[in-house]
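Labels A, B, C, D, E and F are assigned to the chains in the order they are written; within every chain, residues are numbered from 1.
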Amino acid sequence: MFRHQKELQFEVKVDKPDPMLAKQVQEVLGGQFGEMTVMMQYLFQGFNCRGNEKYKDMLMDIGTEEIGHVEMLCSLISQLLDGASPEDQAEAAKDPATAAIMGGINPQHLLVSGLGGLPTNSQGVPWNGNYIVASGNLLADMRSNLHAESQGRLQVARLYHMTKDEGVRKVFRKMLARDRYHQYQWMEAINELEEKNGVVVPSSFPPEAEKEAQEEAYKFWDLSEGTASKEGPWSQGTSPDGTGKYVHVENPQPQGQAPNPNVPDPALHHDLTEEKVPSK
Amino acid sequence: MFRHQKELQFEVKVDKPDPMLAKQVQEVLGGQFGEMTVMMQYLFQGFNCRGNEKYKDMLMDIGTEEIGHVEMLCSLISQLLDGASPEDQAEAAKDPATAAIMGGINPQHLLVSGLGGLPTNSQGVPWNGNYIVASGNLLADMRSNLHAESQGRLQVARLYHMTKDEGVRKVFRKMLARDRYHQYQWMEAINELEEKNGVVVPSSFPPEAEKEAQEEAYKFWDLSEGTASKEGPWSQGTSPDGTGKYVHVENPQPQGQAPNPNVPDPALHHDLTEEKVPSK
Amino acid sequence: MFRHQKELQFEVKVDKPDPMLAKQVQEVLGGQFGEMTVMMQYLFQGFNCRGNEKYKDMLMDIGTEEIGHVEMLCSLISQLLDGASPEDQAEAAKDPATAAIMGGINPQHLLVSGLGGLPTNSQGVPWNGNYIVASGNLLADMRSNLHAESQGRLQVARLYHMTKDEGVRKVFRKMLARDRYHQYQWMEAINELEEKNGVVVPSSFPPEAEKEAQEEAYKFWDLSEGTASKEGPWSQGTSPDGTGKYVHVENPQPQGQAPNPNVPDPALHHDLTEEKVPSK
Amino acid sequence: MFRHQKELQFEVKVDKPDPMLAKQVQEVLGGQFGEMTVMMQYLFQGFNCRGNEKYKDMLMDIGTEEIGHVEMLCSLISQLLDGASPEDQAEAAKDPATAAIMGGINPQHLLVSGLGGLPTNSQGVPWNGNYIVASGNLLADMRSNLHAESQGRLQVARLYHMTKDEGVRKVFRKMLARDRYHQYQWMEAINELEEKNGVVVPSSFPPEAEKEAQEEAYKFWDLSEGTASKEGPWSQGTSPDGTGKYVHVENPQPQGQAPNPNVPDPALHHDLTEEKVPSK
Amino acid sequence: MFRHQKELQFEVKVDKPDPMLAKQVQEVLGGQFGEMTVMMQYLFQGFNCRGNEKYKDMLMDIGTEEIGHVEMLCSLISQLLDGASPEDQAEAAKDPATAAIMGGINPQHLLVSGLGGLPTNSQGVPWNGNYIVASGNLLADMRSNLHAESQGRLQVARLYHMTKDEGVRKVFRKMLARDRYHQYQWMEAINELEEKNGVVVPSSFPPEAEKEAQEEAYKFWDLSEGTASKEGPWSQGTSPDGTGKYVHVENPQPQGQAPNPNVPDPALHHDLTEEKVPSK
Amino acid sequence: MFRHQKELQFEVKVDKPDPMLAKQVQEVLGGQFGEMTVMMQYLFQGFNCRGNEKYKDMLMDIGTEEIGHVEMLCSLISQLLDGASPEDQAEAAKDPATAAIMGGINPQHLLVSGLGGLPTNSQGVPWNGNYIVASGNLLADMRSNLHAESQGRLQVARLYHMTKDEGVRKVFRKMLARDRYHQYQWMEAINELEEKNGVVVPSSFPPEAEKEAQEEAYKFWDLSEGTASKEGPWSQGTSPDGTGKYVHVENPQPQGQAPNPNVPDPALHHDLTEEKVPSK
């Protein structure tokens, strides 16, 4: 069960409105790696967590924090849109300077949300549930979390340069710092899990269970011409878990057959004239 | 530019058809972490790669391999659907055993693809472009790649138990081995990049640029009751880059204001009766 | 079965083209509460209506009217785009005034529809079937209809200020009047249904069927700090159907357990080390 | 800012697992009117609320409660999936009884979430941001809220009959009671707002602003043959705000022109041979 | 403007309910090539049609017919679902025969639509606007129409075998006949347009405007090993418009450069260490 | 299995960057008829092709070519974005000319892809699997292919006028020529297939199998007032396969019943008061 406090986690006070920036900021609210994503991802991972109290508690701690980040960004966007009006648009036809700004506005900020944040990205695409992952395998999911915080911080860093507004930048600096901490946090959890279970997900399907395919776990198939990739640490030396040595295959040949599928039952209405004996 | 060879990368020969399994296998073809995702993700990362020949070549090598994995899974699904017919469905009404199996079939395998693989997941949701990421920051993207291969291998490992068909399992073992190699590969690349640039993405926005927010990069906000999370390596000790020491904040208080946004212009038709001076 | 007349329901004659406005108008054609939504919603409610001739006839009357509203908006958008050309875009690079206008154009109006209306919202997101509802419960659905007309009229009212074009405004005034009538219409139907069945949906699951949970139907859980919400009519007095008295719970405590789910079967590859007896 | 308590709002203890039911329950978790929808809808309405402390507080109270409902449903689904295993699927090929059950399982509950709730509906479609509305007009939004709780309670009532499990039904009864309360709550708020501003949204665009179109606000256009709809309270009498009298138009004629749009610029490549003078 | 008649275009009377079939039939109602698609596609093409009265009238004739096809399919699905009840699901746990059938039911037919048709395909994916096309070029669009009717008739033909119900089959035969007529219809229109303008879309961008690239319009690039494709009529002889002769290029070589993009501005935070002079 | 060469199929060298054009070009990369669509469509058709080596080889030849077209467009977009920076956005607030250009930029080109191509259309909507078709019926699919190349070439022709950049136009001319060839190619294949099997898809459901419905395959239902459509070749003469003569029905009457569906089981909670005997 959750509770809410009126104050924001961090202060959000923009120096002055900027509707074009409001449109861009939507990316880190409702985009693929926005705050809605990390919020829902950590909450679902926490809600679904089986076993391991320490991680479950930690996931709920940070998932709960992220709800507050969605709240902060809605507040930021509201302030950036402050004072905007549908009539500005009618003015735009007369004056290039106004038109320029109106052309950059998200029309849904006026028509749909009435000057509030939207559950969409910077191009207006609605946030959706396939942005998130909660697989029941902690190491797999923490790698997703580390990744999400990396993309999130990268996008905020880029946004940072899109404004000179000191009030906005102050909010972004908080977000950058938190995203930095969250990268540390997932790295620490990942290290702990890798030390316990090994570096390959899932550890419960070990190399020997791959049987005749086992050697494929060490081969680099060089399928794009040029061999610059030969110089990487993935092409030479030993795998991180010490189970094998890498092989760089320079001119790899297919190991399978050319597929020759059967002609289907006539009720599929394929209109093919060949006859083959169906396999069934 | 690309070229195609007729033979599959690995042999794909199922022992016997199994339309229910065909439906499940769609997850690793057209799902969030299926082969279409890694194929398109590595290709877009490679196409968009600026600088750094070694990584660009490597991305194109593996992206090109993954097109062939989509090809193999289409072949696998075609074989699992072999001999299925719309008429089986009409039979189902009469016989529970048939009905049981037909109930588990993806109707689009009959109606839409005529016994072929579909660009959808195991629930019929079409693959879409927001499954992938190509950000222009190599470390951020390689973390996504490591994560995608982790989820991918996890799902194939789970699928492995859904069938006793030795022919199918042989294909899965190849996929498990390749997903294992690809996890190694991205780990190696990540290690190399982290050594060069540090572990935080992006490295070009350093701690000192976060200014007054810098200390927030070391705090764990414990917002879910219970302090089990205090025992994790993210709550004590030094951050991996040695720039600060973690602080576990047990009863964190909000640092921001309670938001008090302005009442908008009447042309927004909010029907509010309060009047406030708009900020504009 | 349907028939079509060539004339539009109302006259649509814009004073002069305005491609930026054409982009905004897409919201009320193909957006969440646009004409496509009410058209498809009323038609599906009418097609699926079981029993009750009066409502079924009424749903088909209005659903049929709404097809004509989609037609009117396509005509409006075509006129707003009249004379636009791909070459305007090439001009834009040279001249800020032109660039300003082109920047605000929906590129699909040129590239995809060739100056016609699109089945998308103002941000280009395609209309989709989950915008609509037809549940088989009339009161539930009429509440949706009243709501849709409220949002629809709100958006048209906002759009009204985005243009000074008297021809466009004349069309909007017709739409505003019809949306007003449709609000009346659904209110009348709702009143009639509420008088017959009571105000709670569905009425066929009465309070006493909620058994031990019944008292929860009158409690306000105050989970956000501050008690301003205590002053509302939902916190004091009697429920509209007279079945109970409201209780404002100021510091509500959880009534459930802390979840403690079982560790799954190893075939789920969760890589957890705890062992618990699975419940199965 | 938010905080989390470990205990669930209400007790969730199923009598025994039922994976088929788990699939159905996804509808009220991640469907169009599931708990994710009301949670995100109330939170966004609260975050974006300008003015009016009483409503903002109330929205945050209930939005915060709904996060806990998502939590409860994840717990419910986890318990319904308890003990399920990928190997059950392999068994299914041999035994109709098992096959019957496996055919009804959501494969993503095994492959993707590892026995946890998913952010998708009962058909696997991911939850998305266009399920929700936060328009900045309180009356419009509260009508959406009343509607959402109506559909939500209707779906839970239907689900109630899909199981005989007393543990599950106990949870559903709590949800039915809360959905009943929430219907009361929005009704009370709606009444208060309608009394203050009138029943038409938005009230700030009054009848007289509709000018020449004003009479259209009282006409029923009977466009589907048959006049059963004439007997409804929307066809006779006075509008609820007393501004006009209804007119039932039995054989309504179009009032507009037949559209005759201009032939576009050749750069649109329409390949039409007619020439018309473009209007530009 | 449109009008509605109460009777269906063709009789729809199923012999007996069949909820599994109802699920499959959704594909031809709300799928990629279902009746919603042709309805919306022809209406948008008609609404947006500029010039050419004959085609515009024809598009409106058939678009209007298709609304009635959506109506018929909703009626068909309602009848196939007749008598289904949520309680059947609770029974399913006890009896494999019932479970088999319930496993094949679309849960949304019970929970969401209350036994009515849904605006979704056979896998529950909502219909969406990017299924349709209305480009403003008649020949391009009529090719889409011919294609849509081909896929539509193919799917109905497959569905035909999924049932032995004579009542259902009678409806399907009407649909097959109409889809046949509609294929003729678009073929006739296509022939007429091709005779007037030539076979290439758009005709207004003629071969000579392709300049130095013109010869590429006759080359087959054989990029998949094996030369079976050499024997096709696309590899030998003259193009249908007589403008050139085909060339089968057996071992085609790339004609472009290896891309070598610039390293971006540091504000993109790519973390690359190479320095290149940005081009700007 | 696939291989990659470093050089692009055709040279891609833009004269100078143009971020607004980059946004438009996304339509032909990741839009409904962009290169991602034809690439995935031909590959899936080739992967799923059963029987008929000549067509399978041809599909793989062209599918493989199209991967290289996605590559070329990513390169084109990267060059058009060259030198763009987040800081340009901050400048925009000060200067209308800059603002004009920034307003027209896709913010994801900065924030999400770091100056690379995106798997989205010109409005930011992600590419998705329901853009493509691979039905297992060659004639049906080749009609889709001809259509896709028609829309594709139309969009490129329109784009051609959106720039004066000779470098960009050179790339477009190659694309126009290839799209012209691909139109020829599918026409040739279609002719061959139609000669073998007849012009109606599927040919394996012949007129006589439509039984009592057969005559409906020759009737034009004139459901939109006006009879301009009577003059078309679809209203008079003989069907292309010579099986019947067209009939133009000027005032067509419904042939079906007015639907009168049963009232459902009370467990559906429809709250209807009528009682009818359920049919079950």
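Please note the rule applied: contacts are C-beta pairs under 8 Å (C-beta built on N, C-alpha and C of every residue); 3 or more make two chains touch, one makes a residue touch a chain.
For each chain, UniProt lists the protein as follows: A, B, C, D, E, F = Manganese catalase.
What you are looking at is a predicted structure, and each value in this text was computed from that prediction instead of being measured.
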item: Chains touching both chain D and chain F; value: A, B, C, E
item: Partner chains that chain A and chain E have in common; value: B, C, D, F
item: Chain C and chain D, separation of their C-alpha mean positions in angstrom; value: 8
item: Intercentroid distance (Cα basis), chain C paired with chain A, Å; value: 28
item: Chain centre separation in whole Å, for chain C relative to chain B (CA means); value: 31
item: Residues within chain B bordering two or more other chains; value: 1-9, 32, 50, 60-61, 63-65, 75, 78, 85-87, 96-97, 99-100, 102-104, 110, 112, 114-115, 120, 123-126, 128, 130, 135-137, 139, 154, 157-158, 160-161, 201-202, 204-205, 223-224, 226, 254, 256, 261-262, 264, 267-270
item: Touch-based graph of the chains, sorted into line, ring, star, complete or other; value: complete
item: Of chain A, residues touching chain B in the complex; value: 5-13, 17, 32-33, 46, 53-58, 60-65, 72, 75, 78-79, 82-87, 110, 114-115, 125, 128, 130-131, 133, 135, 137, 139-140, 143-144, 146-147, 149-151, 153-154, 157, 160, 170, 173-174, 176-178, 180-181, 183-185, 187-189, 191-192, 199-202, 204-205, 207, 209-224, 226-229, 231-234, 239-240, 246, 254-259, 261-262, 264-265, 267-270, 278-280
item: For the chain B and chain C complex, residues of the former touching the latter; value: 154, 157-158, 161, 267-269
item: Complex contact set, residues of chain F against chain B; value: 1-9, 30, 36, 40, 43-44, 47-48, 50, 60-61, 63-65, 67-68, 70-71, 74-75, 78, 112-120, 126-130, 132, 134-137
item: Chain A-facing residues of chain C, complex; value: 18, 20-21, 23-24, 27-28, 31-32, 96-97, 99-104, 121-125, 155, 158-164, 223-226, 254, 256, 261-264, 266, 268-274, 276
item: Interfacial residue positions of chain F with respect to chain A in the complex; value: 1-6, 49-52, 85-87, 89-90, 92-93, 96-97, 99-100, 102-104, 106-108, 110-112, 114, 120, 123-126, 136-139, 193, 196-197, 201-205
